[in-house]
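The structure that follows is given in the form of structure tokens.
First chain written, first letter: the chains are A, B, C and D, and each begins at residue 1.
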Amino acid sequence: MSDQAQSAILLISCPDQKGLISSTTRFIWDRGGNIVNLEQHVDVQEDVFLMRLEWDVKGFNMGWSEFEKQFGGMAERFGMRWELRFSYPKPKLGIFVSKYSHCLFDILSRHQSGELPVDIPMVISNHPDLADVVSKFGIPYHHIPVNKSIKPESEAKQLQLLQEAEVDFLVLARYMQILSPGFTEQYQNRIINIHHSFLPAFPGAKPYHSAHSRGVKIIGATSHYVTADLDAGPIIEQDIVRVSHSDSVKDFVRKGRDLEKIVLARAIWYHVQNKILVYKNKTVIFK
Amino acid sequence: MSDQAQSAILLISCPDQKGLISSTTRFIWDRGGNIVNLEQHVDVQEDVFLMRLEWDVKGFNMGWSEFEKQFGGMAERFGMRWELRFSYPKPKLGIFVSKYSHCLFDILSRHQSGELPVDIPMVISNHPDLADVVSKFGIPYHHIPVNKSIKPESEAKQLQLLQEAEVDFLVLARYMQILSPGFTEQYQNRIINIHHSFLPAFPGAKPYHSAHSRGVKIIGATSHYVTADLDAGPIIEQDIVRVSHSDSVKDFVRKGRDLEKIVLARAIWYHVQNKILVYKNKTVIFK
Amino acid sequence: MSDQAQSAILLISCPDQKGLISSTTRFIWDRGGNIVNLEQHVDVQEDVFLMRLEWDVKGFNMGWSEFEKQFGGMAERFGMRWELRFSYPKPKLGIFVSKYSHCLFDILSRHQSGELPVDIPMVISNHPDLADVVSKFGIPYHHIPVNKSIKPESEAKQLQLLQEAEVDFLVLARYMQILSPGFTEQYQNRIINIHHSFLPAFPGAKPYHSAHSRGVKIIGATSHYVTADLDAGPIIEQDIVRVSHSDSVKDFVRKGRDLEKIVLARAIWYHVQNKILVYKNKTVIFK
Amino acid sequence: MSDQAQSAILLISCPDQKGLISSTTRFIWDRGGNIVNLEQHVDVQEDVFLMRLEWDVKGFNMGWSEFEKQFGGMAERFGMRWELRFSYPKPKLGIFVSKYSHCLFDILSRHQSGELPVDIPMVISNHPDLADVVSKFGIPYHHIPVNKSIKPESEAKQLQLLQEAEVDFLVLARYMQILSPGFTEQYQNRIINIHHSFLPAFPGAKPYHSAHSRGVKIIGATSHYVTADLDAGPIIEQDIVRVSHSDSVKDFVRKGRDLEKIVLARAIWYHVQNKILVYKNKTVIFK
């Protein structure tokens, strides 16, 4: 962990081949960059090389546009997809909610205590119910109703607000509307959803009811990036809790709330720390 | 736990109504039975009352045929489905295997160490491979090949062996054949299968491959009673283990093996202890 | 779960002996009480019988003072310790905090969303820091400084506030002061603490630092009733989370916060549901 | 995972400083080594750099004695402690047991099924009881009685057997004797023990009894390298299972057996895969 220091992060994926690690580390080192963290992985089934490289920007003797040009050349030779990120400044998070407050409260209290290093310029909801909660925290709350007939206009309003505030990524904190493909493609791998089941079991509506009806002994929650396919995007984190015959659907819901907020919070944490690399609809979570 | 003592066990389910607990406990008590364990549960969604009642047979002043007559009368008034079981003698377990040895070994070693209070009159397999393993433990091994064209004859042979040995229940310890409905209905709620996924996710063949392809962060195993519907019978026990991007399918299989044997062993334990009550394709596991 | 209905609850412990279940259930039934929940357990090591009995007060044809007289007589014959509790009205919870906000926030958000059926007449703290948080929720905040020289006066003030508000039970939500025996004995089995380790490992101060230094692979949290012995009271709930060499002490603290709030919330839930019976410095948690 | 290929592995620890990753990877690369796996970690509290580097020996153009000389020179400049290991041939494992069979059975069945890539030249026991089990697997069983008065002679016999067979590492599979410091120092970081508690809670004898008496809600097991200090060596792996008031000590023992064998098997796996680096009485487990 190098929370304090300012660092640059490279996320790389490419066909596996010889010399990837040494070429990349040498490139950084030769330009004065001290590597503080390197994690790589080879997906042998897919023959894909994946790496996260983090170095201290202090002493790095190259501007970022020059870096993009020079590193880009090498990346092209290796067939790399790559992204350059930075540990600073704080990213801007936009939160979407409907009526359930537990995930929202959890994020806001992590933010307020300083645990979660983001700025939160707004909360957007299709209902007015949680305006009071949000106002307690001094964050603007935008009530934008959504229904089938007005969905395009609603999404246009949402996008305008997000873009004006230069929001970096979105969290759907139990937001009960489906975003259109036109919306999601503008925030590819930047919209995190929490689904209240152990995906791929019980996608869609009312997973706790389905789980109860099936008589499972464990329930789960799944945080994932949102894609055009409902509940089918790259999974970031999952966790579970035991249930028994003595738990009603209501108990599933109660126990599940705690799962949901923890599993969502972990996904947000990984995202903010630039620890997630997406490839082939899966995630690598670097540690 | 009253492992040492000889006890009788009633497993009861019926529509919820007043007076069920007091009537039943009074019935046992009035006949000299000391109740050593009572657990009950009401499924409020289904309005079903479920109970397990265990009492010491020492001092119980009524024969079992007379009991069936008298208790049967009361049970009829309440609309009860009920079963009478005993903590003795040891039940007889028939094991079905194919080529994987880990669950088989695990059961046999529990049996040999005295941990698992059953008799094992036979192991049946559609392959000859594990004959050596089983012979180490001095248990008869029956190799009965199975394929589509001879399945009826194969099952007839299996059933004959099981019936001659008066086998009480079966365990499919990674048995890679599907039993016909005609077979399974003869051992209703008495065939325990282990499926190597967190059901209802990934039913059927190659669940570890499917899980890896989907990019899940947790894999599971499920033990359940076998019904005519593949992997859809009442779930007895489930457990999970974390995986990450760094685990290949091969790692999933390796980690999964440990899950499978533990989750199967727990199901066998509950079954042998008469702790399981099945209703509406779900199980109540009394503690 | 009979959340809606008004019910009475008996928590009983006594030497194990014959006839306990039938005598007790008959007693309730004969007075018009419909038993909606019964769970019992025998601690065979200690030869102690433990039971929780819940019945619908509707139709129960006996006043509570008469009940205490009549049931008290029977209880005496069996040598029972017993308590009568009710599912209504909501109990009053007093919260103690110092400077950490995560457990406090979590409790207040559960309260606000209606998940936690208690009244919270006050938060007491030895620091002023969290006054703002609490005021967001419209709950009185009492700043009562504590140090060695003024501890008796501080505790006297605390007790006066609690007694005036008729607080039923206390939660120490990371309260960093040790309560005196004179204080704790007034709320026996009614003060819930959260300790940030897997007790009995790492009692006392700085458990995350000790855990990190020892190189454990799992960290835990423990909620327990407070007794005169520090971190040695009856354990209510524990849970754990995996850590690895890549987690710093700071990461332990971050991961631990989530554990702490969940483990504390579960303990509060069990307490409020009258599910906890304490005997021999242990708890029975009825389900 | 590169199970098939033959690879060399460097395990390195040293004071953190600039240039460690690039110097090391360049060293391997310049000599024709293709790095297939690199994982590194910095312990910021201790300011220690730790790395595991694995490369394909095919194409590596340097003999191992020459490697030791050249790499040794560089290592000295950085103040590195380092070890060179190989993914081949299979290491030789010596197993120590007393009377409990569950861990022994589990290891032998993993070995027999081909899951565990080791040779097992012998099992040594202070009791004759498990000779039959071991003989089933065709492995030599040495019964060497141990008691206070003959301990030095017993250990001398054990060491002679181990050395003659060129055993690489030892597993104490519930071996109920304490090895002398003179013994353990000959197999530093090469003796794996399984302790049936969540260390550091409940070290020493009868941990399940102590855990039951304390009323914990979770029990654990810990595998660790053996040092001269009882149950205080570097922890390799831990896991837990939930218990409740309804579990007797006997149930703790039964549930714990499954934990013990899984937690021990994982430690053996990491050791055999050369994934463990020990420093400051802690382990880094590379993934």
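In the analysis below, a contact is a pair of C-beta atoms (placed from the backbone, for glycine too) under 8 Å apart; a residue touches a chain by one contact, two chains touch by 3 or more.
Given the structure is predicted, the values throughout are model-derived calculations rather than measurements.
Enquirer: Roughly how big is the turn, in degrees to the nearest 5, that lines up chain A with chain B by CA atoms?
Expert: A turn of 180 degrees brings the C-alpha atoms of chain A onto chain B.
Enquirer: Which chain's centre, taken as the mean of its Cα atoms, is farthest from the centre of chain B?
Expert: A
Enquirer: Averaged over CA atoms, how far is the centre of chain A from the centre of chain B? Could you give it in whole Å?
Expert: Taking the mean C-alpha position of each chain, the two centres sit 41 Å apart.
Enquirer: On a C-alpha centroid basis, what's the spacing between chain B and chain D, in Å?
Expert: Here the centre of chain D sits 36 Å away from the centre of chain B.
Enquirer: Got the chain B residues that touch at least 2 other chains?
Expert: 1, 44, 244, 246, 248, 287
Enquirer: Would you pull the chain D residues touching chain A in the complex into a rising list?
Expert: Listed in rising order, the residues of chain D that touch chain A are 1-2, 18-19, 21-22, 25-26, 28-29, 34-40, 42, 44, 242.
Enquirer: Can you name the residues of chain C that touch chain A in the complex?
Expert: The touching residues are 1, 3, 101-102, 105-106, 109-110, 112-113, 115, 133, 136-137, 244, 246, 248, 250-251, 254, 257-258, 262, 265, 287.
Enquirer: Taking the complex as given, what residues does chain A use to touch chain B?
Expert: Contact set of chain A toward chain B: 41, 43-45, 50, 198-202, 212, 214-218, 220, 234-240, 244-246, 248-249, 281-285.
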